[in-house]
């Protein structure tokens, strides 16, 4: 019985001593919060790869204002509770700013903690509208909001002239938000656009034939899938197997070269998706350099647009520190809100509005061609 | 005859823990807060799994019901969050009573899959925004911080005292429950259902009682979780959460409150300690689970026999 | 007065008739033995009386009331307690707690009582601990009170089961092979114990293979074979009954 | 009507996969009364080993598809069976005489370990089986579609189940397995080597799980390290539905589960599909507390 007390005491003193970490004076600590384990681990790990590359680059050039950048990575496991802990941990490590994270609910669980501690947070994949509606002074995001994307989606649908629309989401915060936004906009749309189907699949499964069969019986002339690329790839593949030729449009979470691999080129051809411009389509030299460096280091170009958006977040905060010559959160936030204009990011020019949202139309429409390439649509 | 006065190291442990927070930074205090929450959940599940021997892998459902009850009443009707505490417990208990009643007679692993099912049904219902009040996968945000005597609890350090005092209350309540006619009845059912009936124990009703008490307590814990996070979403109540609670109970020692607390320290604390391993941390954690189980198959602190003070009786003469 | 009347009960499992139209009566204050070769359906009869199985046909009348459809735990409350052929103790509880559990149906304390520990709850608990110790003393194993039940010897486990059954304050005590696994000295003590139980005013119905025990203490013996009753009477009558002799000697040679 | 039949087909082919995984669950359960939560991850490993053979070893470059299929099947089964035996030795055998739930926690730990090991070895990204190696044709009949690969998978699970059934019912080893399933001690008394029987079960069960993983890889083309969790849960559900420990039960449970799922998506709601499935499961269990083919346990008193 006594032994376990000793155990707990040892545990607690372990906690205590682990705090006494040397705090380098001449460095800037930037945090990265992302899903390093769990379902979304691939996203988090790629975010880390991009940031590692950028940190290396900055430090090679002598750091920022003469200070080395130290990247502190914490795993949020893609789960709100773990994220709250990760945020606390980052705060206690005295980071100036945090890049991340991916899921909206996960970001939300950490927002309050960063805000109370006056740590700048630049989310890279959290598109839920309400995150910025709270008008937190230190919160920014490099990814656009769901309503923005929904607007582009509806424009595209209008342009392509579809009338009977099926909307399929996957019940994640992001996909459902986008689906509902789009539905709302389409219902307001004049000209007899009808929503013939609205439902959610379960992500992570592999057999979607039952869903496709049901979709087919609703006879839409276009399906808007707002979920992620693994499911989108399977849907395209199984749709092909059913010999059903209905055009699919995907949200930006389907933007991933693996989509074509999963679906196969024949099934993926003709698939439209919305996305921030791909690195290869960016005029900026930065993007090309990043792509080359990334491929050189890790053997393949980055898969996820969100990892690239994390990179943008990182570069923006470095820019702010450089320009303001300060690490004071108020000055940095003020700079980001008001002064930063047309910053040449990997994903186009970056500026933030007073809510911390990214300004400007980011979305483009892409289509998959016969070779499985993503072609920017005019 | 007085209650046996035995020195319980548990109280020393609590004194030490309560002295810790001023020495720790908010992160480690928050880790302790999580440990505390899961210790409470573990103790509530322990009554069902450890004491009554019912295989429950759906405890997160009751936890979720409590959390959502609090969140909805607080954000929609602006009731002070802590005043909803009893109500969150009641709702969760009532839910447990209604869903478990028809299936309480199932045995062992069949009960297990049914509890998993209940947990999944609740989670799916939350995701699909049932009755339009759960906010779907977004969950509910903007839950108020608790207020005690005009004092708002906000920082991890403040929450520490709220959570750990609740844990102490939990320990006292469940210790008393264990050491009573009801607690013995639960144990009888675990050890031998037929013999339990032979003692006049209404097995189905007592199993249901165990579920309702465990669920009530989990529901109240849900209230505290909701106010601590200020946002709740279905992700926090997945099957995985039930698995964590279950592991805490078995690893600590089924039927032992001390064990459950240690279990919470290990299951919640270890992944935090392994943080430096980055993406390998869960690998090490899984391995640690297997090794701990092999080293202590009955849990880290298996339950002890309850003692009764009968010396005065023994000395008496029985000649009838 | 007739305490228990088993009236024409039949029970089948699948196609097998385990108990076939069996009737017998137990007089208040008597010791009755139920005997028969292995597989004769004795334990099944006990299980039907105590509500573990429901008979296909027939009725069980206890104290003038039908208890056929009652559940096990309700029957205990009516005043029938039992022990089991394969000992069924609460193995993780102490010896004392096993007996305390037997008081379950005669006590009331519930969840809130347990949590708030009202004075009357404490009084009840204290009183029951005392009574439990007396019962342990009565069967002679009080010095083991704080050991786990599973650590007792086989014979003592049987005694503990009897103590636990007595704790339910039964009018009728049903013992399923109480002398099973006991040595001669222990059986002799058991016989003495059963008499003392009867002297407390408790009627005893028992299954026993040890003929010495049966013939020594039973006032009436009922004999089953293949689920049917083949004889009933005093031990003297049974000893001389040709069918019983055949059943015991015959089956020994042929099947078992 | 056409829709209904199509959905029936969809459910049937999905159910075949569930059944194949459930078989392994049920075998291990029958003998050890252990819910082997790591079974789903052995399934994942099967899928990844198949991926390695196809992509890194490039097995289809050297031999023709049919032979490649057989070689892959054999290698995957062998590899996963070895892991299964190792798992039993390391994580379950030391706990055989401990409380039953302790072994369940050990199984959960092993599951976390395997899942993360796969992630660390192969990376967290989705992996994709090369497409079009085997037949891509789709049977279409009266407006119904059924890809040939699915027919193939269904056939494989039927064949495996039949073989397994005869192995258990008709061979001496099978009799030993049944004996151990009923009572370890009694089996030991009549001279059965219980450890050996358990080892055999941990060869067969995981091998089938691995095979199922390979099938899923070939069928759907996309694999990820977390996939075993969901499939494992579904297969466990299927095994319980059919009556756990019972081999035809696992098969039947798998198929029924597949059909319930596709029917629920078709006629109720896709989003509520899994909830509907569990409701049906609970209803079935309230009527038949030990599953569809499970025997009623009359407890000996």
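Order of writing sets the chain letters: A, B, C and D. Residues in each chain are counted from 1.
Quick note on the criterion: contacts are C-beta pairs under 8 Å (C-beta built on N, C-alpha and C of every residue); 3 or more make two chains touch, one makes a residue touch a chain.
The structure displayed is predicted, hence computed values, not measured ones.
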Problem - Topological distance between chain A and chain B, in contact steps - result: 1
Problem - Selected pair, greater C-beta contact count between B-D and A-D - result: B-D
Problem - Relative to chain C, chain with the most remote C-alpha centre - result: A
Fill in the blank from the handout: Nearest to the mean of all protein Cα atoms is the Cα centre of chain B
Handout entry: Centroid spacing, where centroids are CA-atom means, of chain A and chain C in whole angstrom
Key = 71
Problem - Approximate Å spacing (C-alpha centroids) for the pair chain A, chain D - result: 35
Handout entry: CA centroid of chain B to CA centroid of chain D, Å
Key = 33
Problem - Centre-of-Cα separation between chain D and chain C, whole angstrom - result: 47
Problem - Two or more partner chains touched - positions in chain C - result: 52, 84
Exercise for the section: Give me the residues of chain D that touch two or more other chains. Expected result: 116, 119, 124, 271, 274, 301
Handout entry: Two or more partner chains touched - positions in chain B
Key = 127-128, 194, 279, 282
Handout entry: Partner chain B, residues of chain C touching it in the complex
Key = 50-52, 71-73, 76-77, 81-82, 84, 88-94, 96-97, 100-107, 109-111, 113-115, 117, 121, 125-126, 129-130, 133-134, 137, 142, 145-146, 148, 164-165, 167-168
Handout entry: Complex interface listing, chain A residues touching chain D
Key = 37-39, 41-42, 44-45, 171, 199-202, 204-207, 209-211, 213-214, 217, 230, 233-234, 237, 241-243, 258, 261-262, 264, 303
Handout entry: chain B residues touching chain D - in the complex, by the definition given at the top
Key = 49, 55, 102-103, 105-107, 109-110, 112-114, 116-118, 120-121, 124-125, 127-128, 194, 239, 243, 246-247, 250-251, 254, 279-280, 282-283, 285-290, 293-294, 297-299
Problem - Parts of chain D lying in touch with chain A, wherever the complex brings them together - result: 3, 6-7, 10-11, 13-14, 17, 116, 119, 123-126, 128, 131-132, 138, 140, 145, 147, 216, 219-222, 224-227, 230, 261-262, 265-266, 269-271, 273-274
Problem - Contacting residues of chain B [partner chain A, same complex] - result: 9, 12-13, 16-17, 20, 23-28, 30-31, 34, 127-128, 136-139, 141, 154, 156, 229-233, 235-236, 258, 262, 265, 269, 272-273, 275, 278-279, 281-282, 300-301
